[in-house]
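Look at the two complexes coming up: chain A is in both, with chain B in one and chain C in the other.
Here is the complex of A and B:
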């Protein structure tokens, strides 16, 4: 799969033509809508009529879902062309031209929650020789934390390029004070797999943030891949749990079953060493 | 940009306080009808900075009849609430600028979209 963030900076890639695609393609609409609906579900806002920030709102497809769900939203995007199309579509939200890597220009405690659909992977790229992705991520998460009400959540769906990027983005969010972590829906399927960074800015009195359940996982052990830094510290060097070879084989077979592959039943011989052949 | 959004915006300049409001210089505004939602409106009244809201509303000529302070807001007075709703949600500044009063930097508003991008030398 080609990655648009390697092609051009976002304000150029999301040109008039690209923006038009978002407005007219029903396939695009379908994908963005289902991602946003899942993000809203994970946001778990206590009330309808909440005030929500949409980062990388683009032409407003994600925003339309927020309106459907009964929320009022404000959108930020770096592409003027995308925002102009959102105005032409007469979306309900108010929109602002802003580069999230420069920080979000809002007063403290403004939003009840935040969603971002398919946008934050753009932050991991250095657009110019002077821009530093790590610094931009920290600026972004610091301003996001400040913009949320106490205990407010943000659900950021994105397309991480590799495990290092997942680690980088998650750890930047944690450094800026967020709790929560990365949630992976359909972790066993290459095509359906979806990444959501589900993070929260502190806690209100009496509020408990429960780790949401990932979709497409069936046993409890795999259910919530909602981990924070502290959990990770207990794991081995490569971020995996230190497990026995037998467990590893069983897990792998389980993963392949979940992908619908034909896999032999587990038995007492599973993962045993085979004797020497004569 | 509606006044609710304006009330929530802070100057992105690094010298400026994150509490400070931007001053509106309006060249063109349009009024658009928005569904009246009492529940949302009450929550937002709690959250906004009232003085800044009134000043912005005055500058757009929609400040008449607004209560002078938050304490004077009476959520059972529907006429008053509709006025607040109108000023906060239904007046859209489509052309003009937002001025950072601390640095004098102007952020242009075109087609209803405030441009809050900073230049390289402002980072």
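Here is the complex of A and C:
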């Protein structure tokens, strides 16, 4: 898996050419749009016309989704070229050029919510010899907490590189007073797996934060199954349970559904023997 | 006929952004003429300015806000009036800062409004929310969401650092902060000596 944050700092990596890809590539559009839609769903804003911050808005793809959902938004990004593209796309929201690791320039209590698509992993790298990722993360989360209204929610989608990075970012958010945690969609799949940091800035009166449910975990068999001697006696030669062909196909389809793949629904024809051939 | 109208409009826009002219210029970006398509790119809305604070580290809440606005060029980009949005966003507005920003653009007349906004925000809320005054909504929409600053500067109230608005994008990047830091520091060091 390629990691652009290892190549160059964001303001250089997202150059004119790279920015153009975001405007033209349909695959990138599709991924960004579906991620943003999921993030908006997780944001669970109480009503339309909310004021939302988009961190790392880039070419404004995520902003378009926010506009469609009926929200007013402001975006910030570090790459001038990406913002250039967003201006050419005539997005609705305003954009500002800003480095999130140096804090967000907003009044306290400005935003009802915040989304960020594939941006905060850039904070975990030391781009210059003097920058300290830990301090940058703390500055970022402190200013984010300040910018949100009481009880406001932030959904930050990102690609953590390793468990240490996950631990670092989550603990920084908690240190700054945020509640909530990491949500993983399709945890059993390598490709469809997506990480969302869903965090809350405090609590309004009477507001209860319900932890959102991750996708693709419905029938996950996380626990070891209870097994007793009598069950073991019914097993076949290799110690596995004897199951019919139909059951095997159904199980396989279920597994693939849990991985987020497109699988046809079960019907009475599922795993049925085909008729004799001439 | 229409092409002639378009060329007249472009001429008007060029005249408005003539460098010799003093003070901020406000021009209307229209969507119906092809020649002005390039000018459709959005800028910084006055509503956004109302919520921006200085990013300079180590300042208190009071020292960060408000950023003084200096306008070189502003544009009006017509959009649809949405009363619900205005009502829901009105409560987080700092009215005094908004009036100051409007003066920086050139006042109510320069953006095509006949009436002046009242000095007290309670009057605005009562006429907009309680009486459902359509004219008030239209005026608020024009000033808050249609008036966009394209070129200008934002000045930090405590440190006097300047942040440029270029092609409608305020630039708060660190390099520029440091670049203006030395300029801002030099008069202060003179003051300390005296």
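Rule of thumb we're sticking to: the second predicted complex is superposed on the first by the 218 of 278 C-alpha atoms of A that agree within 3 Å, B and C clash if a C-alpha of one lies under 4 Å from a C-alpha of the other, contacts with A are read in each partner's own complex, and residues count from 1 in each chain.
Simple rule for what comes next: a residue touches a chain if its C-beta (ideal position, glycine included) is under 8 Å from a C-beta of that chain, and two chains touch if they have at least 3 such contacts.
What you see is a predicted model; the values in this text were computed from it and never measured.
On the shared subunit chain A, the superposed partners chain B and chain C overlap sterically. In the superposed pair of complexes, A:35 makes contact with neither chain B nor chain C. In the superposition on chain A, A:91 makes contact with chain C only, while chain B stays out of contact range.
When both complexes are overlaid on chain A, the residue A:49 reaches chain B and chain C alike.
Using the contact criterion defined above for the overlaid structures, shared-chain residue A:172 touches neither chain B nor chain C, since it reaches no partner. Once the two complexes are overlaid on chain A, the chain A residues touched by chain B in the first and by chain C in the second are 47-49, 51, 72, 74, 78, 80, 83, 87, 94-99, 102-103, 105-110. Interface residues of chain A, counted against chain C in their complex, comprise 11, 47-51, 72, 74, 78, 80, 83, 87-88, 90-92, 94-99, 102-110, 139. Contacts from chain A toward chain B in the complex involve residues 47-49, 51, 72, 74, 78, 80, 83-84, 87, 94-99, 102-103, 105-110, 128, 130, 146.
Chain C contributes residues 40-45, 48, 51-55, 57, 61, 64-65, 82, 84-85, 88-89, 92, 94, 167-174, 177 to its touches with chain A in the complex.
Of all residues in chain B, those touching chain A in their complex are 1-2, 4-5, 8-12, 18-19, 37, 39-40, 43-44, 47, 49, 111-118, 120, 123.
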